[in-house]
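You will see two complexes here that share chain A, one where it goes with chain B and one where it goes with chain C.
So, the complex of A and B:
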């Protein structure tokens, strides 16, 4: 190998160099700003995690698997996975091999940013070696891999349905520029390397292409312009990158270590939240996932658009989108990057100032304390109070199993605080939590059984109840079955089990209700179940969605459940029960009701 | 004056021409549902907070339309959403309450 130019420089590298310096500078400033925005203890935690061997290794592994190989995307959709990993991993390998070439053949140039990228222009091949041929082969191989990815990307842009995506995002103007410049980079690289292949060598792609070009182009006049074009495409892409969705490439590399360090969203716009917003690749997977998107008008309220509006600083739309969401959490479950759409929205709601702040300090809890020393306490919650059949069924089952229990809020009770929490009113929710803690601890109960997943989520996450076990009835009854205290007779009705958002995605309880249901009746699965279950539309998470606006969502969720061909629908949430019952053509039952109707009378 | 052990309560007549409806109007803009309330009282019947602050969405709306103060009632609302679930008119009462809490001072 021999260098063609003693100066090691040509003006065509300038567009690339400007773009590169700009994007690196932008990211460096961004990292410093985000670090400054983090609360002190979070910052410390993050920096410590970077030098702790276990988390540092996890960071490298996760960045490699998620940013380059796109493992999560492969699991979801092979074609999309191949498209993304071919571009990301191929590009990474080309950069890596470029550096390797410079390191082997002209190590004195390694400090030049542009040398590994434009190696084939600056260096000529004067003897062919096995090592050199292998490097050239790999370069061409990865270029081919990227080009396949680019072709797939072009097809996807025209026909997204082929890739299993019904709807995708509409790119903004700058996104389009970023997209076209990204598409242009690799074909231009192929052209540029082909034009120089007879000087600097090449492999199975570039050498034949060079031969073809030389059949009708008698001179090398096309060489420099194509290298210019290649450099300009790179420069344009990197200059617009911070203002397009391609910002997710550097942002995700920041998000993964931050998440591994255990950071959480503390402020709707700053620190961790900012990194999450920038990490959104705008793929639009959340659009098809969102239960609101059954109405076309609601598509712009999906998480991908929330992120876009936050980046644009469109306050009016940010507020609208944040308040409308049902907080079902499905966008988060399907998100490839792990953007926490619901948390971002709740943090946004928490930023709001109110003229009237609820104050529960005057509530005297002493009149609400039940006598339950050493017993089981049953807390029905507001929603179960409106669906009394569930409360009755839970009590009847406990009686049949011989459980010594007290119904805590049979007459009167306080709300669990979760609705206030989702409305962003953290201080008020906390006050309510404290009040309920007082009542429960004063009752002397050992176990607290809940029949509402909304309550269960806040009880298991935010309540501090030393010595009291908090349990959802699905888990509680399963234990009673295991102890032989409850037995069921299987009915011949087939139920499809609907995972309530708060119980499934919210608390990770998927299997217990299914096992119980399977013991008392036939059970089938809906096409979208478990993590991908569709919200019933009744969620308290949404602040602004009115009664009539929810109807279509409920009906769409029901249609998916009907696809399972079940006779009836089972769920384990009073709110789902009430919402589905309104529109369902098939019977809807709570798990407790089904179980209660099918108990076998034991010797007891 | 002879002390009978009780007195007449103050007249509660409302001069609708003089009532300040600015808060009501502002609420109407953000939650138009407030207009369709028929005062059935289902919300009051289910309310968790009524025991503590006399909360009743029906009364809140009524007081609002008459320019009266209802800050006290709102102070114990737990946003549990029972009222919106039972409302036969499908009013988004939670949003109504939240909006009111937000608009209160600026509307008065």
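So, the complex of A and C:
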């Protein structure tokens, strides 16, 4: 080993150095600003979690698995996963090995940022030693890995379908610069290292390349320009990085520990939300997932574009996108970094100030309290009231099972508060929640059964009902079946079960309805089901989508369900039922209706 | 003119009246009716506003008038092909025809009230539609109608002027039908309270307004301006309606022994495929598209294809009959080359 330059410096490192210092400085300031934006308790929680061994370990594991290996992408599409992990992990290994080299051969230079990156220019090592041969081999190996990834990335630009993506994002101007500089970095590194390989050593990639080059360009004059080019590519990439989608690389390393610390979005633009927005890699997986994207005009309303507009500060579009969304949650379910599209939008809606705010605190609940001491209480909610066959079936099933129940809102009832919550009107939603809590607690009931998943979500997440069990009927009836209080006779009709957004992605109930349905009828699966189920288009979540705009979404969702070749469609949400019934060519039934029609009289 | 055959698709009042006039004009109408009787929807009706004339009278008179025409009952049109001098037609019963012109009088179908599930048709026992009630007036038994109802409610605009139900159009006749049926119910059950829930009352025809005033003054029918939001059932099996009285701004609740839904009009399901056979167009409202909505309502965009009655939009009986006569004349002019 010998150092080629006593000074350990050459001007070509400057572009890289400037870019590096800029990006590190930018990130440092960013971290401080985000920490300041966090509410006090959140900040404390976050900092404590960083030094708590269990969360610290989880952070390292998650960063390794998600940022470097991209396990979620592998699960989605192997080619997509390989492309990302080859670039990310390969680059990480090259940086790591570079530092290792400096550490082994010239530890006194470790404080120089650029030394590990341009090691082969400054240090001449002979690959005949075991250490050198191994390190050079690994360096070339990982470079090859990255180059494979880059080639795949280029193919993906032209043929995204090979990677399981029908549509991808249109990159912005700076994104394009970032993209091309990123693509340029590694071929240039190969070129630069190849030109120096006969001096500084190399391996299976760089040595033959060096040999070829020297056949044509028999001097070393090309050495310096290629190292300059390599450094400039790095410099450009790092300088534009904060303003491109590649900001997701540093941001995700912040997002993972924050999420592991249990932080939540408290403000649409600040703190945790900001980190989420910056963590969006702009991959566009959410475009195919979004039910609105069946209409081309709506593609720009997907979460990836919301993030872009938030970064640009385009207030008009941010508001438009936030109000339009159905809040079905599929973008979040498929998101590789876990950007919470619906929460971001609701937080945005909460920033709006209304001239008139209803006052629910004055409602007198005393006349609404049913006598239900120790009994089961059934809350139908407005949507079930509009689809009376569901309410009727639920009551009939409970009667058949001998459940002693009272229908809480049979005569009059209050709204569960969820429409206000999704509109971002938290204070008002809370007033309604408190009123309903009063009614339920005063009734003395022990169990609250719900037939509407929209209500169920807010009841299970926002209601404080000590001593009362809140349960969706699917779970409740399954228990009654287990106790032998309900039995079904299997019909020969085949149903495809549509997972309602609120029940599936919203509350994680996927299997109970399927098991119940399977006991009463035949069951098939649609191509997009469970976490990837497609919103019926009727969702209360959207504030601005018109009726005719939703029609195409409903029809698209139905087409996917028809693919299962089932005779009829089953669901467990009154809103899905009403929406699908409007356009479906096949019968649509609520699970409760199907069960009620197939009960066997038990010998109780 | 050797071939004087005109294909008339649909034997409702429009088809019958048009055929009668075609006969008088010396042409030969061939009526193809898919059901087993002539008269269409009107034949299932009991009495017609505003003179309360029995519908059977009108239908009998019309059927009388088509003696001499060829009538195929229980028959559908299998296909039609345009030829140089007319249309080659194959009927479902295997008959082949060569007709000079086609007159489409396929009428309408009633909105399926069960699709507005919040009103409980098919879910609760005491909910019926306007046509169910009319059939009951005409003597058909209906277990859903109690022996002595104390309260009867009518809901207007069920499946019409309703984007969510897929039909934005006003069905025109239901306001007046509701007023008529309310009076008939009151005559049958003088002690009953009758309530009508409406968005707007569209009483545009001759004597309609008199009918409405009479319903209030003489019969004491209550009219509430506001849509019904939901319907439920109480323990006694009565239906409970919730609505908003938009004139007073208060929510109202009503328990009724019978709920009558005024189902609106939609275009018949087969009309679209029939229209496609002769390349006639369907309008954005789902009904057939006239060549011009002012001067050529009876004519399609295609030569030799004519329309009459509710296949181009909701119409009352007198309007339909007037249009049928106009259509017959339009066909005659087409045949004689007077266009």
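Operating definition for what follows: the second predicted complex is superposed on the first by the 602 of 604 C-alpha atoms of A that agree within 3 Å, B and C clash if a C-alpha of one lies under 4 Å from a C-alpha of the other, contacts with A are read in each partner's own complex, and residues count from 1 in each chain.
Note that in this section contacts are C-beta pairs under 8 Å (C-beta built on N, C-alpha and C of every residue); 3 or more make two chains touch, one makes a residue touch a chain.
Model, not experiment: these values are computed from the prediction.
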| item | value |
| --- | --- |
| Touch count on chain A, higher of chain B and chain C | B |
| Which of chain B and chain C A:548 touches, first, second, both or neither | both |
| First (chain B), second (chain C), both or neither touched by A:420 | first |
| Which of chain B and chain C A:410 touches, first, second, both or neither | second |
| Touched partner set for A:578, first chain B, second chain C, both or neither | both |
| Which superposed partner A:432 touches (first chain B, second chain C, both, neither) | first |
| Which of chain B and chain C A:51 touches, first, second, both or neither | neither |
| Contacts of A:221 with chain B and chain C, given as first, second, both or neither | neither |
| Partner chain in contact with A:392 - chain B first, chain C second, else both or neither | second |
| Which superposed partner A:6 touches (first chain B, second chain C, both, neither) | neither |
| Residues of chain A at both interfaces, chain B in one complex, chain C in the other | 382, 385-386, 547-548, 578 |
| Chain B residues within the chain A interface of the complex | 33, 46, 48, 51-52, 71, 74-82, 84-87, 90-92, 94-95, 98, 100-106 |
| Residue ranges of chain A in contact with chain B within the complex | 323, 352-360, 362-363, 382-383, 385-386, 412-415, 417, 419-420, 423, 425, 432, 538, 540, 543-548, 575, 578 |
| In the complex, chain A residues that touch chain C | 382, 385-389, 391-392, 410, 547-548, 578, 581-582 |
| Residues of chain C that touch chain A when the two form their complex | 115, 117-118, 120, 123-124, 163-166, 230-233 |
